[in-house]
Amino acid sequence: MEIGLNHYLILSTILFAIGLVGVMRRKNLLLLFFATEILLNSVNIAFAAISHYYGDLTGQMFAFFVIAIAASEVAVGLGLLIVWYKRHGTIDLESMTSMRG
Amino acid sequence: MEKYLYIALFAPLVSSLFSALFTATPKKQFVGIVASFLIFSAFVSSYILLGHIMDGGEPIHVEMMTWMATGNLYIPFGFVVDQISVTMMMVVTLVSTIVHIYSIGYMDHDKGFNRFFAWLSAFVFSMMILVMSDNYAGLFIGWEGVGLCSWGLIGFWFHKDIATWAANEAFIMNRIADLGMLIGLFLVYWNTGTLQYEGAFAAFAQLDTATLTWIGIFLFIGAMGKSAQFPLHTWLADAMEGPTPVSALIHAATMVTAGVYLVIRSNELYSLIPHVGLFIASLGAFVALFAASMALVNRDMKRIIAYSTLSQLGYMFAAAGLGAYWVALFHLMAHAFFKALLFLGAGNVMHAMHDELDPFKMGGLKKVMKWTWIMMTIASLALAGIFPFAGFFSKDTILEAAFAEHHMVIYGVLLFTAGLTAFYSFRLVALIFHGEERYKIFGIHPHEAYRFMLIAMSPLLILAMIAGVFQAPFFEMVEEILGAAEYHIHSHVTLWIMLVGTQIFVGLAILYAYKKYGTWSSVPDGSSKMENSFIYKLLYNQYYIPYAYEEYIVKPYNEISEILWTKVDQKIVDASVDGIAGFFYSAGENTRDMQSGNLSTMLKWMVAGIIILLSLAVVFGLAARYSGEIMAILSGLGV
Amino acid sequence: MLDHILSILIFFPALAGILGFMIDKKSIRAYGIAVGFVEFALSLWLWFAFDSNVSGMQFMENLPLIPSFGINYILGVDGISLFIIILAAFFTMIGIASLTKTKNEKNMIITLLFLQMTMIGVFSALDAIVFYVFWELSLVPMLYIIGAWGGPLRIYASIKFFLYTFAGSLVMLVGMLFMAYFFYQATGTWSFAILDWYRLILPESFQLWLFVAFFFGFAIKVPMFPFHTWLPYAHGQAPTIGSVILAAILLKMGTYAFIRFSLPLFPDASVFFMVPIAVIAIIMIIYTAMVAYAQKDVKQVVAYSSVSHMGVIILGTFALNVEGISGSVFLMIGHGVVSGALFLLVGVIYDRRHTKLMSEFGGLAHVMPRYATIFGIMLMASVGMPLTINFVGEFLSLLGFYEQSHILTLLAGIAIIVGAIYMLSAYKKMFFGNITKDENRELKDVNKRELLALIPLSIITIWLGIYPKPILEPINNSVEAVVQLMHNKSTTVEAKERIPNVSGIVISKTSTREAH
Amino acid sequence: MLSPINVSLESLNLITLAPMLIPVVGALLILVIDILKGGLDRSLYVVLSVLFLALDFGALLDSAGVFGKDGIVLGLFDVMLIDGIAILAQFIIVATSMLFIPLALTHKRFHEFSYPEFFALFLFMISGFQFMVASDNLILIFVGLETASLALYTLIAMHNRDKSFEAAVKYFTMGALAAGFYSFGAMVFYALTGSVEINQIATVLAANGYVDIGYVLVGVVFMLGSFGFKLSVVPFHTWTPDVYEGSSAAMAGYMSIVPKIAAFVVAMRIFEFLVHSGIAWLEFILWIMVVVTMTAANVWALVQTDVKRMLAYSSISHAGFVMAAILVGTTQSNSALFLYWVLFSFTNLGSFSMLWISRQKQLPGYQKTDHSFDKFSGMIITSPMAAIIMAIFMLSLAGLPPFALFWGKVYMISSAVTGGYTILALIMALNSAIAGYYYLKLIVYMFMKDPIASNVDNNGELYVANATLALKSIIGFAIVGTIFAFLAINPLLEFITTFVYNSGY
């Protein structure tokens, strides 16, 4: 079976969906960050595939930028996570409900 | 001549304002004297004007200034002195002068003495406007003005709940009629373009009968209120709570006749619509009988006289309705004299009896109150229409008019009523002045009124006796404007039979009254057979009309008002407004939990948003792609 | 200076208000009275300089504000607005003068001065947006007055007052924007100038929608049934001065706006909605009069009576003829004077007894005869006794509407009956009978400060009842212009019939006048 | 076979980058200074930031001049797009930032302002926003967006309180999700058209007549999700109140303005051509979103007990209101958007600053939340001037004439009317009435309730304890702007309309 663009796109979509489910289900902050990484990376796959399909480098450029941004997001995210852990000794989402309404 | 017009008009106003200056101060005798003098000067002016008119002088017409002018409407303060108004002016100023002087004595011990004169003179002023105005709007000013003064005077003793209640009742009932009057005015304006009598009367001839009928009906509704015709009559009897001079002036001689005046003034209208006139006459005859019947059994001296007033107003309307305007006006004048006299006499009795009103508790007063007795007897004779007193000339002419116009039912009713009138009048006289001195049981020591009060009443006494001689000159004066013919019965024989027959009938009624009540000796306690008969109860309770008004109008009005406020206004109108506000607020309260503060929930909301949008997109995308097929299916389903 | 007298009239009190912050608490009252007096004098000067024979706008001012969007600062007065402006100046003056001792007097007086600015602004603005600015701005000082000095429910009442009118006027704002858009479509330029709008003839269907949009704004302000429920709360809770100004001036904004906007802009729609509005007006008249009768609190009686009287004003306005509209404008002034005075009177007794329940009174005529007399005069004016100011307006309003509908006028005329019922019964409860409460035995009669306000009002009440001409004539001239404009602009046959052609009337009228 | 790269510097048109680079340089300079000599006072950094922003502003004026002369300018491989709306948005961003940064000069020592990094990050963020608005390349927009966002997360966290960390984490996590949405949406468009230039995308889509409407819609949905998050459109708004509450009042005010205008401009670029292409679905969805956002946010604001949260919801509602401009999509509506946002910026910044100066732990409000309504009771007595100023801000937010926002509202509603959205116009108007309630609530507390005893004792000094000359002048500026806005509306409107019109919107 020839693996075409559609397969990449379907894969990408499935990964994206997994990421979404992860975002919704995870109660641990760290795992939540993982889920967002899956989201972004699923898109990267699609970008790379489409880029190849069109024979155009723009998609790959986009993918690189997404990777870069994902990396910096992780940096900031982990920083916040560590501070939170230091202060509260937990990274459970349930601990962050002081503001509501 | 104009200066006399102004004096006649404004002297009462000056009097009123002058007295009003002292309302806050204790009683000042001179207030009454000055007021009386000013009213007297109005009387003198009126007399001079009467002379002028009697001499065949031109009617005097002045226009002081614009009152209202907008669009097409132009209403000035215009006044006219013609045959009709000068007659009314004479009646008003004469009776007023007498009542003013009388009141100095009557209100002697009242702490509202000064206030009383302010109101009384204000009334005279309003009444003068009413009768002198040259347009309907001016008439309406006076119309409402007398209503206001009547309110103030009925409720003069405002500490008495019943008096203020009666005052409000009178005012409100009059307002009901005034609405009719107002509508009549609007009709006149929009159909003739003016409210001036001259212009309007001139234009009436061109209007169709239907319009004229409506105008006539609405104006008459106004008249019904002021003249207390059925069914707006109840206020008049209750108005007797006011001081007796007020009853004499307002509720006997002048204000209540304003309705009659209106019909007479609008004679050019009513002569165009005889069917309305017939209705007026029929109502008048009915009221005459109706009121007289209630007077038969009443045990309140003033109310009896009030009913008799009502009855006599019925006569006047009967005459006016039949087109005998001059007769109505003449009866109005004559009635003013003897009825005022009767009331003032009753006032003397009341004073003597310490405000006791039940004639059954009096009796034998002629010994101590000789002059009052004479005056009241003569007034009653005049009222009963005994020759040669005033009533004979005026009332008999009404009967003749009815007869001559071939309205036999009306004639018959009026004739029968004449008998009743004689009976109840003398029932009253007999109970008060004759028989045993029942008042002694109650420990009252009656005394005659001040001499000057009696002297003040004497002109009325004289007029009640001799007013008949004015009939001919009066007719001569008003015939030009009221275009009236003398009513002549076809044959002299018939006339004589009628006259004598009437006199005998009335005389018998008087005798019967004397026989039955002349030697009365006990105070009825409600146990006698007659007092328990149905008819007696019906009459005594005024046909249960006040009761019906109370039960079926006043109470429901209260209840509906209460319901409208507490239920409709608060529970429906206001609650729905608050409900809208509350809806938004509670929507916020109920959905704020969406913001649970839990990050997981927040993320779910975002994803949910995307999913909703996506599914909408899918639906839409599919619909767009397969729009053709969908259309086919839908059309197959017959959509 | 006359060229800018309207701006001066508007902004003088505002400036005075700002400067008022610098004045010491103890002297603020004198300052307020002085400013009020100067303003009143200026307004009288305006009247003096006003040419009664001109029907159009006078003392026009025009400054570009946002010309690219057609918003300009345009002011002007005609006979319709002139007297309401004077009334506003007058009531602010006597309102401050008769102010009773209260907490934060300084804030109160400054607020009143700002309120005055907005009131005069509303009545002199000739640009819809400028009008709207003042219209909305007037809510703020009133909100503060009710909310800060009011009774126990003051916050509820003030918020209700604010939000209700605010919501209504927002709908009106949308209407105004539509109107401007139509004008833009027709002419290619934006304009919010009312006089420009007058030239625009809209198709009937547009008129209907726009009429409804404007109606919401105006009807809530008037307030018309069933939008009236804010009023009893506002009046019931407001301090005396608040009620006085609210009743005397603020309510007039709605009816004034009907004449300034709805009638000339939408003549066909006015005819179309005439009957429904008349029915509402009749409901207002009778229903609120009955509700007034059921009240226990005398201030509520007067408050509901205001609604009832506003019904008559609305009816006169929608008579769509010169008599009716002149009458309704006159009644605005009359009702302003009378209801203002009645609220002042209620304030007098409230100051003494700190209650407004009628059951607490009774027999007051014994101890307060002067008070009873003045109350009586105003009572009679309120029930429309001839030779008082209200009668002229009521008579003309009803007279005018009679041309349009007989039966509706007959129903509306019930006003004079039901009005008498609640007023007289309230008067009876308060003043007649014997004194039953010991607290009432020692009550002081009205004092000089109160008389200072009440006597001029009584004089006006009677003077204008006897001789309304100085006011009625300029009103009439301007109203004729409005009616003529409506007649010319109307497109439907029915509207042409209903709205009289005044130019014909003018001739016949002058001849009538010459004849006299 | 690579052809030699041959790019002339002129064609790069680097001058277009100048406004974005100036803050970057400023940020780097601040960092360098800190390295060279630590522990310098924050006032230095504040002034430095202001200076660089002023330079930035000057550069923008220059760009505006160029735009006025030559029209739209492209640069840097045509990824930079300096058109009217980019310039307008940058004006708002930079000007608001200049107003915001002096708020750091409070009496109280707040943790974040002592770090020079705060100011550096702040300038980076501004640069990010500027990139975001000045491009129609999805990549650059993404980069700008994330640069700004990441900086912003940190700035929030630097407030250094429990709530601010919580807020930062929430904002960050949701932001990451939104970034995912964005990239997915961009991917869809790229897949459909083979381009990431919005212009190109529009051209290609128009050329093939939107055959893949279903996929276009999927792309639109994800873009909506992403910008819905930025613009806090319901139901993507949930972060807003929490983040506003967690950050300092001044920062919250800033966040309600600057990130949103940037997002608006991008949304305008992306959605405008779609709206105009007549996709009924989008119109429908936008309509619903606009209505739901402004109404629901208003309704939630009604029930708040904390002033700051109330203002947060009110900001959401205002954003929803302004979203209508994108839906209507006429020149007038887009001009109205900018006009509204200019007016909104100083009104809202002013009102948040009023919260900022009353930041006092001793005040009674602090017993429960930061800025409970109770705290403002009777302020007219204890501190009349502050109360009046706050009241005017509230009235302006409520849209009461003649204060600033009224004019924005009028113009916005007028644009809806002109665009044929009658019902929407009515709903927009009536929402102001609902909003009136909660703004009024604060006024009621300030003017009509009696002060709480402890506030009276110190004569209201506490309320303004955090105020410095800098703060006072900013509030003064805001209040003068709010009151006398009507004088500036006409030139502003003409300027904005010209710029928007010449950019083809």
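A, B, C and D are the chain letters, set down in written order, and residue numbers restart from 1 in every chain.
Just so we're on the same page, contacts are C-beta pairs under 8 Å (C-beta built on N, C-alpha and C of every residue); 3 or more make two chains touch, one makes a residue touch a chain.
Given the structure is predicted, the values throughout are model-derived calculations rather than measurements.
Interface comparison, B-D versus B-C: the pair with the greater number of contacting C-beta pairs is B-C. Distance between chain B and chain D, defined via averaged C-alpha coordinates, is recorded as 76 Å. Chain centres here are Cα means. That of chain A falls 66 Å from that of chain C.
Chain centres here are Cα averages; for chain B and chain C they lie 35 Å apart.
Rounded to a whole number, the gap between the C-alpha centres of chain A and chain B is 94 angstrom. Residue positions 169-170, 173, 177, 241-242, 303, 437 of chain D are each in touch with at least two other chains.
Multi-chain contact residues of chain A, defined as those touching 2 or more other chains: 23, 32, 96, 98-101. Within chain C, the positions touching two or more other chains are listed as 163.
Here the chains touching each other pair up as A-B, A-D, B-C, B-D, C-D.
Of all residues in chain B, only 592, 595-600, 603-604, 607, 610 touch chain A in the complex they form.
Per the touch definition, chain C reaches chain D in the complex via residues 64-69, 104, 107, 129, 132-133, 136-137, 139-140, 143-144, 147-148, 154-155, 158-159, 162-163, 166-167, 170-171, 173-174, 177-178, 180-181, 184. Within the complex, the chain D residues that touch chain B are 169-170, 173-174, 177-178, 181, 213-214, 217-218, 220-222, 224-225, 228-229, 235-236, 238-239, 241-242, 280-281, 285, 296, 298-303, 434, 437.
Chain C makes touch with chain B in their complex at residues 160, 163-164, 225-230, 287, 290-291, 293-295, 321-323, 326-327, 363, 365-366, 369-370, 373, 380, 383, 385-387, 391-392, 395-396, 398-400, 402-403, 406, 409-410, 413-414, 416-417, 420-421, 424-425, 428, 431-434, 466-469, 472-473, 475-476, 479-480, 502, 505, 508-509, 512-513, 516. Looking at the complex, you find that chain B touches chain D at residues 581, 584-585, 587-589, 591-592, 594-595, 597, 599, 601-603, 605-610, 613-614, 616-618, 620-622, 624-625.
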